[in-house]
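This report concerns only the one structure given below.
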Amino acid sequence: MFDYEQYLRKSKMPLIWCAGCGDGIVMKAMLRAIHKLQIAKDDICMVSGIGCSSRLPGYLDFNTLHTTHGRAITFATGIKMVKPELHVIVITGDGDATAIGGNHFIHAARRNIDLTVILFNNHIYGMTGGQVSPTTPFTKHASTAPYGNIENPFDISGLAAAAGASFVARATAYNAIQLEKLIQKAIEKKGFSVVEAMTPCPTTYGRRNREGTGVDMLLYQKDNSVPVAKANKMDAEELQGKIVTGVLVDREKAECRQEYQNLLDHFSKEGEVDS
Amino acid sequence: MFDYEQYLRKSKMPLIWCAGCGDGIVMKAMLRAIHKLQIAKDDICMVSGIGCSSRLPGYLDFNTLHTTHGRAITFATGIKMVKPELHVIVITGDGDATAIGGNHFIHAARRNIDLTVILFNNHIYGMTGGQVSPTTPFTKHASTAPYGNIENPFDISGLAAAAGASFVARATAYNAIQLEKLIQKAIEKKGFSVVEAMTPCPTTYGRRNREGTGVDMLLYQKDNSVPVAKANKMDAEELQGKIVTGVLVDREKAECRQEYQNLLDHFSKEGEVDS
Amino acid sequence: MSFRYEIRLSGEGGQGLVLAGKILAEAAAIYDDLNATQSQSYGPEARGGASRSEVIISDEDIDYPKAVDIDLLLALTQESVDKYYQDVKEDGVIVVDEDNIKQLPTGPFKVHKVPVIRLARENLGRALVANIVALGVIARISKVVSEDALKKAIEARVPKGTEELNLKAFETGMKAYSEIE
Amino acid sequence: MSFRYEIRLSGEGGQGLVLAGKILAEAAAIYDDLNATQSQSYGPEARGGASRSEVIISDEDIDYPKAVDIDLLLALTQESVDKYYQDVKEDGVIVVDEDNIKQLPTGPFKVHKVPVIRLARENLGRALVANIVALGVIARISKVVSEDALKKAIEARVPKGTEELNLKAFETGMKAYSEIE
Amino acid sequence: MATSRTRILSGNEACAEGALAAGVRFFGGYPITPSSEIAEELSRKLPRHGGIFIQMEDEIASIGSVIGASIAGSKAMTATSGPGFSLMQENIGYACMAEIPCVIVNVMRGGPSTGLPTMPSQGDVMQARWGTHGDHPIIALAPFSVRETFDLTIRAFNLTEAFRIPVVLLLDEIIGHVNEKLTFPDPEEIRVVERKSGRKINGQDYLPYRVTESGVPPMVSFGEGARYHITGLAHDETGFPTNDPEKIDQLLRRLNSKLDAHRDEIVEVEYSNMDDAEIGLVAYGSTARSARYAVRSAREKGIAAGLIRPRTLWPFADREIGAYADQVKAWIVPEMNLGQIATQVECASRFSRPVHRINRVDGNPINPVDILKKIEDLV
Amino acid sequence: MATSRTRILSGNEACAEGALAAGVRFFGGYPITPSSEIAEELSRKLPRHGGIFIQMEDEIASIGSVIGASIAGSKAMTATSGPGFSLMQENIGYACMAEIPCVIVNVMRGGPSTGLPTMPSQGDVMQARWGTHGDHPIIALAPFSVRETFDLTIRAFNLTEAFRIPVVLLLDEIIGHVNEKLTFPDPEEIRVVERKSGRKINGQDYLPYRVTESGVPPMVSFGEGARYHITGLAHDETGFPTNDPEKIDQLLRRLNSKLDAHRDEIVEVEYSNMDDAEIGLVAYGSTARSARYAVRSAREKGIAAGLIRPRTLWPFADREIGAYADQVKAWIVPEMNLGQIATQVECASRFSRPVHRINRVDGNPINPVDILKKIEDLV
Amino acid sequence: MKTTSKVKKPRIEINKEWCKGCAICVEFCPQSVLEMRDGIVHVRDLDACTACQLCEIRCPDFAIHVIDEDK
Amino acid sequence: MKTTSKVKKPRIEINKEWCKGCAICVEFCPQSVLEMRDGIVHVRDLDACTACQLCEIRCPDFAIHVIDEDK
């Protein structure tokens, strides 16, 4: 029996999100993961950008920081460099992380700085009313893609991997247990870790694309998820429209805060402080 | 016998670059490629950001545009969308394209917009005097990495590929003939194409890292280049410090300006113009 | 003498109050050739939709497009009536949703209770058209906009295929008001 | 009476004129306890390095850190002498590189020809130390900074391991000037 | 009578319509409340007009694409709000320096920072003037109604094409979202300025930054046969970078004096009841509606109040206001900020009379009643 | 006598040294001429002081990391020049809104746009005040020597920590690159302001935006036990977003009035020969050196010239200058821009006397001789 | 924590203030324990509940809580 | 274009204004035709030149041009 409320700022409830929005499911999975890891609330710093998903930290009893659109990772980088003992978790949307924030996302991955990014991918700009996002699938509709999206979407996880992240995973709001486990692993991992959480936005995406309610969209996730092991045996055509879930990358690489620590240790051993 | 001078703005010569800088070698390879393709000078628009390499367009008798640091691709996108008949070639440095301009780089790749990017990778910020760049190798020295770089570098080509580019290639200033051929292919390709041109900066990189003069650095390239076919048979360890050259990606994908043209054609056929 | 008539439609996001306001404004301005402005206030986020929509109707240029002295307030929730009844002018009218508003405001104004949401749900099968039912009530009370103009505006603004349903909703509203009169 | 002595070192990027200027300033300010400022002008790009380095030396606070009326101009290229000789004050001194400057300026100033680059290359084996050779010349001409201070400043500022070479360059410059005197 | 060319629409929609009427053929933008409807509207309409709509990855890319599109020959625009406007500043400076026509719409919401995303404000007026680094020319317009939004959007394009200075159209959330009647003028009645030169020019005999009498060099777009160079570095008449102090000086003074030379063509002001006004109000954007309401009410009460409404905010209507410096007894400047234009009024009137401020930064419009009260207090 | 604590160094180096003396422990930046030496110096020194140096991917990331580091408890700074400063504007507004201490150094070069990367300018003075959207408080300081750069860098940290307002340190290329003597003060002599609260606070009883008498709420860093919320949205005393007009109003007025309340602690001015001055010069940064040279020369010629040198540019020294509004016969304001501070002087002196401008935007400093000539012209 | 051997019925707590009526819990309850009524979730058949918590895990609004004292 | 059968010596043009003396052409000439003198490239042994153009292709400064009239 897990008591979520120990982590909630109850006076801020109910959540601002729409009925059927998947963000709350991801949020709960994250809380279970944090709880399993027994991290003290004081030791968590949760940083978000701007967007529906980015309103999340305000509801949680951690050190919470709601920054500017796309920049959460830069603030988080400053925090982590200064207080490496904090678990710094970044909450961000597909637009926040990969549209305006794309550069910070790939650079944090390159540095492999020890942040955990929970990326709420709902394929749309929810907060501003349903404009096309870098992850809106080809031909899908959005308020600024009234004739269907003519651009190719990012494969966020692939991008994170190519940029240098040491841990990349994907799961759906539907499979909240898998999500919880992956978030747990991501937090445990020392290095830049990304969990791409696929989450329905019935209000601005589902409705316009006739994909129904939150329930319908979760059912879609259920029917179209493929574990990575199985996906590896499928060809590109079979994978069309599928959501590949599981751990996509897990590797050891130099982590930038640790490398910096080595430098600090070197000089503090030397005792050499000049001015 | 190829007459480069037909393309030069001779009154602007000599080039601003240092003795032994590789940028001029890449520039010549590009001119040969353009010449082979018989593209009229009026039909070329060359767009650059800020940096040593980005000074290139000023020397050439095309429509040339020297923009702001990191933003060349955004200007080029506007140009290409409006005048798709122009060959839009982006000249950019590793810092320009992948540090401050990283977001535009991955998004142009995602859209697969028909631009040709010649990316001058000298592993350093040349223009500003040798600060560390996102491509400076781990442990190498720079004016802002006085104790050796503690960050992992990007694999630019891998990043471009993961972001969605339809053509990605790499060659060295040393192998200028290969470079020429790859640039030719890149220009011919409809879609976002990147040629990563490895070019020595003896002044701010070579000197500080004791890699010698331009000559020495070209010799290094000669000794450490591996064609992609061969590289595919080598393991990660063997590839350490090697430069993999050749065509890394060449694939067909929806190109965003063409997709937009389809939309325009649709409406102009319909003759439906409302206000 | 020139006139300025101020209507505030209030409730919660998703109740179609912006659309109702636009229909009112369009009826007045396009079909009745008066002047009209419609404006709204949002919650903290754009997405949530407006919870307050205001229409000013006048035979002159309209300077200030927000309500100063409300002639007619529609309130579909208790919260909205509590928040806004004080802005209603002397002799103004408040229309409240009969089922949702338990606590009626008191003051120098008239209050009408109409079960607009229930009427929409039960008589028309779609709670969604409560906003248009409300328009029917407003048409009868305010008299500044002609019923004919309102019908035309409704037809022009509602989603294709729902014109009939909405016109019926409008009639329902008018009738409901006439009954309580 | 207080004094203000203005030196401009000019040539092209890479000739070490900024370092020479800093050494002069350091000699004056740190070892001779005067005041000194050193500043430079760059070409279009930072990287190219400065082609003009100015040192102001005074026994008072130095307000304007740029040369207004030059006491001593060092010019290592024809371009630089052409560009700057007019800024030299009456009775000022111009030191030009004997080999590089074909066209000497004329005016109410003294001009000295010293083959500083050749001396550096031939006597010392390193064209790079021409800047320090020039300092030797300047030391003898200007007299505002003591030779001793300059030697200390050279030792402190040049790359480790090259102190001796540079001190020799300095001596070479002083001697060269004494010979032409 | 209502004609088919009469519709109810919002300021944001009217802005999109005005842009189309002015001949916009490129929109590059990034969504942000309360401006997004402009993008949404143009995403629907531009493809039908043979124009380009592209949603870029951020605001920096948006303004970059707009400048590129303009260089390639399109009338081009973007629309944003405070946070995005801040991000655009570097490239707005580029457009000033390279003299690339473009229109930037800022639908103002409460600031600073994320502030009040859905609430009106007039807090970016000074930023519109000074947001980018270095001395630079800028034009800013502020409409007060849906109809005027349509008109001033056309005017914004005309001014930017005529003077090669970026034009900032400052709406506020109220104007962006208010719905009112707009009767579209006949297309023939609309004056549209086209780029001075769009002809094929032979080879290199085009001097892109020629010093002309008007101060504005004629502009040839890329791909029209005049192969030339554009840079954000200080440049000479040929467009190539220069370090020659004289040429730099010439460039920067010419850039900044384009505004002076054409000031009277650019500055537009509307006067209401100013002839005998003793209390002078200065207001713009939606606040001017509250002010006009208050002035009318005051007049009904026999108080000699009047309103000066600058439609052009930058360059500032200093002479127009200064002309009343001695006539009025006091000024009132209501603004949804902490007094940005009030300070300009003080300067314009050289402190001859007290300038009273009515400021609101709580996300609410200024109520005409509050203005009226202030007027009454002053008499 | 020269001591071992006396060295020749540049303004940029002195800035790095001042920052270290003030206790900086985080630098996040992106190289740009003419500021890069500050980063280079700190990349060498910070690891030796147990501090963090990180080169970020761009200027937006730089200021973001600085704000994050400050929230985590470090004194934090960045350094840039015009183009980078423009890019930082959005997040500078965030720091204003969320009241996060930080120091932003802008070593000014010629603008607008890429402009004159290696040449001096004072073109970003108005931008420092108004560059971000929305009304916001800001402090800007402008040193005129290497020594003062050291001192004012320390002061910048002290002010930002004391008032939770971002401080912009405006150097110009000349000050950044001039080398001169600096005698380091004894560390004990240096006054260093520490964050009001750094103690572990229990649970939730911390009201992060409490309205205090000073207007400045005490700041607890993240990770110190007071788990609270920071946002760039308008917020109440608890730090959570609010739509309550009263609370919004309270917040925004408090933010902006912190400056008024502490103005006299912040504004610093140096006077030279003003007592009997008939010609009043106002100058700052490196231009003040030309001005002082000219004033001394004028005095030698028996002309009663004087100089007011604001060390603090924002808030502006309006009262200090206004105090001489009637004494002087004329003002002269030399600036390496087109007259940004001159306009402030006009307002401060309420147009009582003519303000003569000497402006240079060609990449060259203002020659004292030109100023002297102007002084002589005026007598 | 003590465990008792008695098999108690699970308790389902619903927070009506927080529930937004999205019906996700209803859809994904394998035992059809829940139903929607007046736009809010209600317990239809507590006996069928196995305390599997699938409803709770997927409720986005922290509005349903299944307490199984055996666990 | 006409081709003639006479075998002419290639011509090597050096632009002294543009040459920066980087010695790249010298290093990569397979026939050691070139040499550095006074910081600028000079032709040492024209007879050895095969007009392979490897010098020209790598000269970053457009400063060396090999004209082979047979080609």
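Letters are used for the chains, namely A, B, C, D, E, F, G and H, taken in the order the chains are written, and counting of residues starts over at 1 for each.
Everything that follows uses one rule, which is that contacts are C-beta pairs under 8 Å (C-beta built on N, C-alpha and C of every residue); 3 or more make two chains touch, one makes a residue touch a chain.
Because the structure is a prediction, the values reported are computed rather than measured.
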item	value
Shortest walk length in steps over touching chains, chain A through to chain H	2
Pair of chains with maximal C-beta contact number	E-F
Intercentroid distance (Cα basis), chain E paired with chain B, Å	38
Whole-Å gap separating chain B and chain G, where each centre is the average of the chain's CA atoms	58
Distance from chain E to chain A - Cα centre to Cα centre, in angstrom	39
Overlap residues in chain A, where contacts from two or more other chains coincide	18, 66, 68, 99-100, 102-103, 107, 128-129, 134, 147, 260, 263, 266
Numbers and ranges of chain D residues touching at least 2 other chains	43-46
Residue numbers of chain E (touch at least two other chains)	33, 36, 47, 57-58, 60, 83, 90, 94, 113-114, 117, 231-233, 241, 243
Complex interface listing, chain A residues touching chain E	50, 66, 68-70, 99-100, 102, 125, 128-129, 131-132, 134, 143-147
Partner chain E, residues of chain C touching it in the complex	21-22, 25-26, 29-31, 33, 35-46, 62-66, 68
For the chain B and chain A complex, residues of the former touching the latter	99-100, 102-103, 106-107, 110-112, 134, 138, 147, 150-155, 158-159, 161-164, 253-254, 256, 259-260, 262-263
Parts of chain F lying in touch with chain A, wherever the complex brings them together	17, 20, 25-26, 28, 45, 47-50, 52, 54, 56-58, 60-74, 76, 90-91, 94, 184, 204, 222-223, 225, 227-233, 240-241
Chain E-facing residues of chain B, complex	12, 41-43, 45, 47, 57-58, 61-68, 71, 73-79, 81-83, 85-86, 103-104, 107, 260, 263-264, 266-268, 272-275
